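Scroll down for the structure; my scribbles are underneath it.
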Amino acid sequence: MQHLTAWSCENLDKIPVAVIGATGAVGQRFIQLLENHPWFSVEVLAASGRSAGHRYKDAANWKLSEQMPSDIGEKKVQDIDLITFSDNNIEIIFSALPSDAATKVESDLASKGFCVFSNASAHRMDQDVPLLIADINPQHLELVAGRKKAQKGFIVTNPNCSVTGLATGLKPLHEAFGIKSVVVTTYQAISGAGYPGVPSMDITDNVVPYIPNEEEKVEEECQKILGTLTDSGVILSSFSVIASCARVPVRDGHLESVCVALESNGTLDEVKQAFSQYKGLNNKTPTSPLRPIIVTEDESRPQPLFDLYNGEPERARGMAVTVGRIKKVQDKLRFYLLVHNTIRGAAGCSIMNAELAKMKGII
Amino acid sequence: MQHLTAWSCENLDKIPVAVIGATGAVGQRFIQLLENHPWFSVEVLAASGRSAGHRYKDAANWKLSEQMPSDIGEKKVQDIDLITFSDNNIEIIFSALPSDAATKVESDLASKGFCVFSNASAHRMDQDVPLLIADINPQHLELVAGRKKAQKGFIVTNPNCSVTGLATGLKPLHEAFGIKSVVVTTYQAISGAGYPGVPSMDITDNVVPYIPNEEEKVEEECQKILGTLTDSGVILSSFSVIASCARVPVRDGHLESVCVALESNGTLDEVKQAFSQYKGLNNKTPTSPLRPIIVTEDESRPQPLFDLYNGEPERARGMAVTVGRIKKVQDKLRFYLLVHNTIRGAAGCSIMNAELAKMKGII
Amino acid sequence: MQHLTAWSCENLDKIPVAVIGATGAVGQRFIQLLENHPWFSVEVLAASGRSAGHRYKDAANWKLSEQMPSDIGEKKVQDIDLITFSDNNIEIIFSALPSDAATKVESDLASKGFCVFSNASAHRMDQDVPLLIADINPQHLELVAGRKKAQKGFIVTNPNCSVTGLATGLKPLHEAFGIKSVVVTTYQAISGAGYPGVPSMDITDNVVPYIPNEEEKVEEECQKILGTLTDSGVILSSFSVIASCARVPVRDGHLESVCVALESNGTLDEVKQAFSQYKGLNNKTPTSPLRPIIVTEDESRPQPLFDLYNGEPERARGMAVTVGRIKKVQDKLRFYLLVHNTIRGAAGCSIMNAELAKMKGII
Amino acid sequence: MQHLTAWSCENLDKIPVAVIGATGAVGQRFIQLLENHPWFSVEVLAASGRSAGHRYKDAANWKLSEQMPSDIGEKKVQDIDLITFSDNNIEIIFSALPSDAATKVESDLASKGFCVFSNASAHRMDQDVPLLIADINPQHLELVAGRKKAQKGFIVTNPNCSVTGLATGLKPLHEAFGIKSVVVTTYQAISGAGYPGVPSMDITDNVVPYIPNEEEKVEEECQKILGTLTDSGVILSSFSVIASCARVPVRDGHLESVCVALESNGTLDEVKQAFSQYKGLNNKTPTSPLRPIIVTEDESRPQPLFDLYNGEPERARGMAVTVGRIKKVQDKLRFYLLVHNTIRGAAGCSIMNAELAKMKGII
């Protein structure tokens, strides 16, 4: 990802960070997105015991089309269980752990005082953990404010990849019109399942209308993101979400067909304006797009092949959601949206979250 | 397609039929499905002027994995405009014409007294034309009863490929519980666009969330099929349908995610029973499945690759719709259904319709 | 697979057989091809310890588009290590074991007196083991003649999937003209790697020009199959083979581009005749095709999608190799050939081999 | 494509060029590669009569994942037949015409005095037309030297996409060891057929072992590129080439399996050195790679998905050929090579050729 020159600074001044679960697909994406990051510098790579002790380039089966940063390849992978503050003065950890491993590891790291920004689903619905998309619900970061300075540490999670796109698309509607109910059907890319992930024999020339736990995540995470922060935590929003999730033979990009009943109906033009003028609640940090939503008027778009990197070419590549084919049918609003599932939908979102925390002085 | 032995008879006794638009993708499917048909025998092949005069095997670019019937390959293709009753005593015509050509040609043929069973969309919504799925709304055939004997001729259409699956899946719910509204999102196979159809550059590693006119067809045809036959024609049913249609890189089979609000809510078990016990209103003709709906309990099915030919292996291959992942969420019913888009969803449906007309003495 | 009616007989008379490695991809193919086999009846299913004790339908993740035979699904999977003659009087074992497991297990079974027909590569190049394609080098079966009656048992292997196609295509050329050298490049289907096999992230929209050990197998197995049986074993044929093997995003069917230098040059017509008139050295058993090689004159064929099941539709489906695009360039002969990698190239070949052994009285 | 900053200059100083056949797939690639080109500026877009008069963004169905340059979209498309020198002082024309149209149009333009750099096959084998890869056979440009100044105009062609890769790979072997014969088999991407090009029904889950005229082009063009320039034109090199060409379901990148008999055998290390140390005969212009050949030691590479953009990231993206899996078998050398078929294999090559002509003072 390229960043605005204004943020450029010498490596010496950057904040050292760790990536845990560094060898897997999401870990690789964290590393790729953090290459040349103006604020953060990856200094520690950690993974499960098996990879520990090896150079990263030997431990990881690099699967991104972008090349592995050469300095990263030479770094030695640490054992997750042995991370301490004395390792390169790390305080910030990006977690790409699988969910089952994350439950304990992330809690332990937080309790030691680390600030964990995680893509894992393990703690997303925990009361004291923000489920955060920095430009959609930045105020939820308040849940962890003050905890770093008290050396308590904390976990901040990004949502499920499909939810990140959906919540982004729903946010301006929620603000402008209110939402009564949502029916969403997804076309999800194979990269969402990591590596080795989906066997080719399962998905070549096929669609698989089942992704374990995915529909449940979509149905519950949306309400937390669009919920209201109170003194006693986040109160879930009350609209209903019905999700149908399927895997399609596409490498990158989750496409979603969304049908929404609004509280107060806007005209088609008002809806399009709500989408296209939405500025987001954080567009000042390196990884945040100037506008989180791009509206396309092309009747055959958005398409994964052409629209994953819409937005400003110079920054925040893969961080904008594209919305198209907006129409009103009966009393409902129908549109398609497209999200880059491993950038805005995963590693990119956690990086943007950490940037917001930095800007707010929380880390 | 294999048929029950009981229907087997000598070719001499079969009813001669014509296929028009015979060289295209749907025309090929008509020919393949009518090979060894116990009642009908393809005697006339017709196409537009360009193909006329050539042997079928030279005129058609055969694209089915099943082999071209060898006797068909040697037949000479006729010019559609020159078809008369004296051609092999043809009265029944299966039409695989593109919609724009069908508008005039089918009307002309009907007015000459031919019985036209058509896959084209041109006349589907005409007042005096049944939009027929023989095992779902057989009573609509009454619209044309008596017209053949009066030498008036008629057109009977099969629905759009996506609609055929959807209307089949909705029928038992409509009967048992009543339907308030439907939100459907499709994953449609490339074979639905014919040949050459979708360019590979458009769909390889991509999803295209747009198929011209498809959503409109889905939204209106359903109501006619599930509408009520009265003396003054078919009164459309009144539930709303919102459709989102996309092309996916799959060769055969339209998968559909369906979310239904029912008039009177059944339990999950009652819904499953309504599906699985639905016998259809015509299961006595060679191409009609014993049960139009197969219910799968496998949590990852139906899938195009594995479930297109569910049902009895001996007959009506590709004529059953498979329903799975049935769940109740909030006050809605959600399921996935799969239909073979070029068999039940096109040529197979028109053949079943003609069989019903034959059994009812209408042809 | 359908077989000629003449062979039909009651189940009671059939020879009971076992399939070991029954739960994997090749094991599934053995079971599917042996359904309704006129001579053999699958009575014992065995697999590694983990699957043992479970019903087959619970232990196997069935991945064929053909349905699992219902009686097989209910059978209990045995532990391979515990197979004895007293299990349903089994003497014949079809092995679908992975190569590393096969090394010891197959040797042990043979030494106990079982007749093992194996798809594993472990023993293919062993001196006393025929590397057999029943209609190409049936005489090699002599290597094990007499061993069953002496209760010694034996192993007969089928070749690697690519080699089975290649050796079949080369055989008539070898006979008619002699072969000096072969350069072969393959386009191999993902089903060749079993299940889960190739990750979709590796092969979607990609070609992988590497299959572990495949080129070595192609280069050595051909010479054994086309080698000469002598009293001291098979003397390898002496022509050179250079193989380049790649995986392509295709479900079934290995396509091969073959360039051959012949000892004595025939005309193009003579070469085509040699292919098309080749009858094979065994076309009398249920799974052997009437002709092992089908020649296509279509300039764009053979193609995996259309030509895998060429040949007589009534029997031996998937057992013929299709050859096309035959041309002479400079002093070389160039053609493409296509083989069904999991039928003729694996399970189907071993079944045909066992049929030959039965017909010859060796089992 | 990004270029070295050193070449950057103001638009005012750039040489105006035209792209003809501008709306098609190769035309789009010319336009994309010429965006921000340091020497050339696209001022004229021309196409056949049908597109003429429309704005480019209305006339072209843009199919690249890179966005259409916004200034280009607003330009009006001219009729090819009406191009004159007075149009923006154009002297240089990049031709992306289909071959049948190119025959006459390119000859006419050259005879009017234009300098035509063409991707079309029409004139490639003409005696007075260089078949040029600027870093492989730059001396062939002499064929047209002096013709511009005499206002004669000329045509310079780039080779067929497969040949560009092959000739690049063969060049260092030809120089270091001499070549006796070549057997090449290709895995060609669908983008090579343009748009709409290959129907998805033909290539999804399939391989098509036939591309019209492709094998003939590969077999003859190589010899011209590696031929010797004499006073009486290019004398073709004498080694034999046997080509087998197939289309695979991959979007971009032609992979080729190459088997070479060398005149004087080098060791495996010497061969690798010849490849990796080959500097090319032109690496000084903006679009020429520092090294035309990248050698990979990864046993599973090169792969279209990962290796199309190997080389220096800052310049000449898609202009290097990657070679891997080099092995010596018997007396032959075998390797795989990968070329970006629409960049080095088409538009990028002609741009590099024009740059060389500029540097040499020929234009």
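For reference, chains read A, B, C and D in written order, and residue numbers begin at 1 within each chain.
By definition in this document, a contact is a pair of C-beta atoms (placed from the backbone, for glycine too) under 8 Å apart; a residue touches a chain by one contact, two chains touch by 3 or more.
Everything numeric in this text was worked out from a predicted model, so none of it was measured.
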Selected from A-D, C-D or B-C, interface repeating A-B by over half of its contact pairs: C-D
Chain pair showing more contacts of the two, B-C and B-D: B-D
Between chain C and chain D, centroid-to-centroid distance (C-alpha), Å: 43
Whole-Å gap between the CA centroids of chain B and chain C: 40
Chain B-chain D separation of Cα centroids, rounded to whole Å: 48
For chain C, residues that touch 2 or more chains besides their own: 204-205, 249-251, 305
Interface residues, chain C side, partner chain B - complex: 65, 67, 204-205, 305-306, 313
Chain B - residues contacting chain A, complex: 181, 183, 185, 187, 205-210, 219, 240, 242, 244, 246, 248-251, 255, 257, 259, 299-306, 324-325, 329-330, 332, 334, 336
Contacting residues of chain C [partner chain A, same complex]: 25, 63, 190-191, 195-205, 249-251
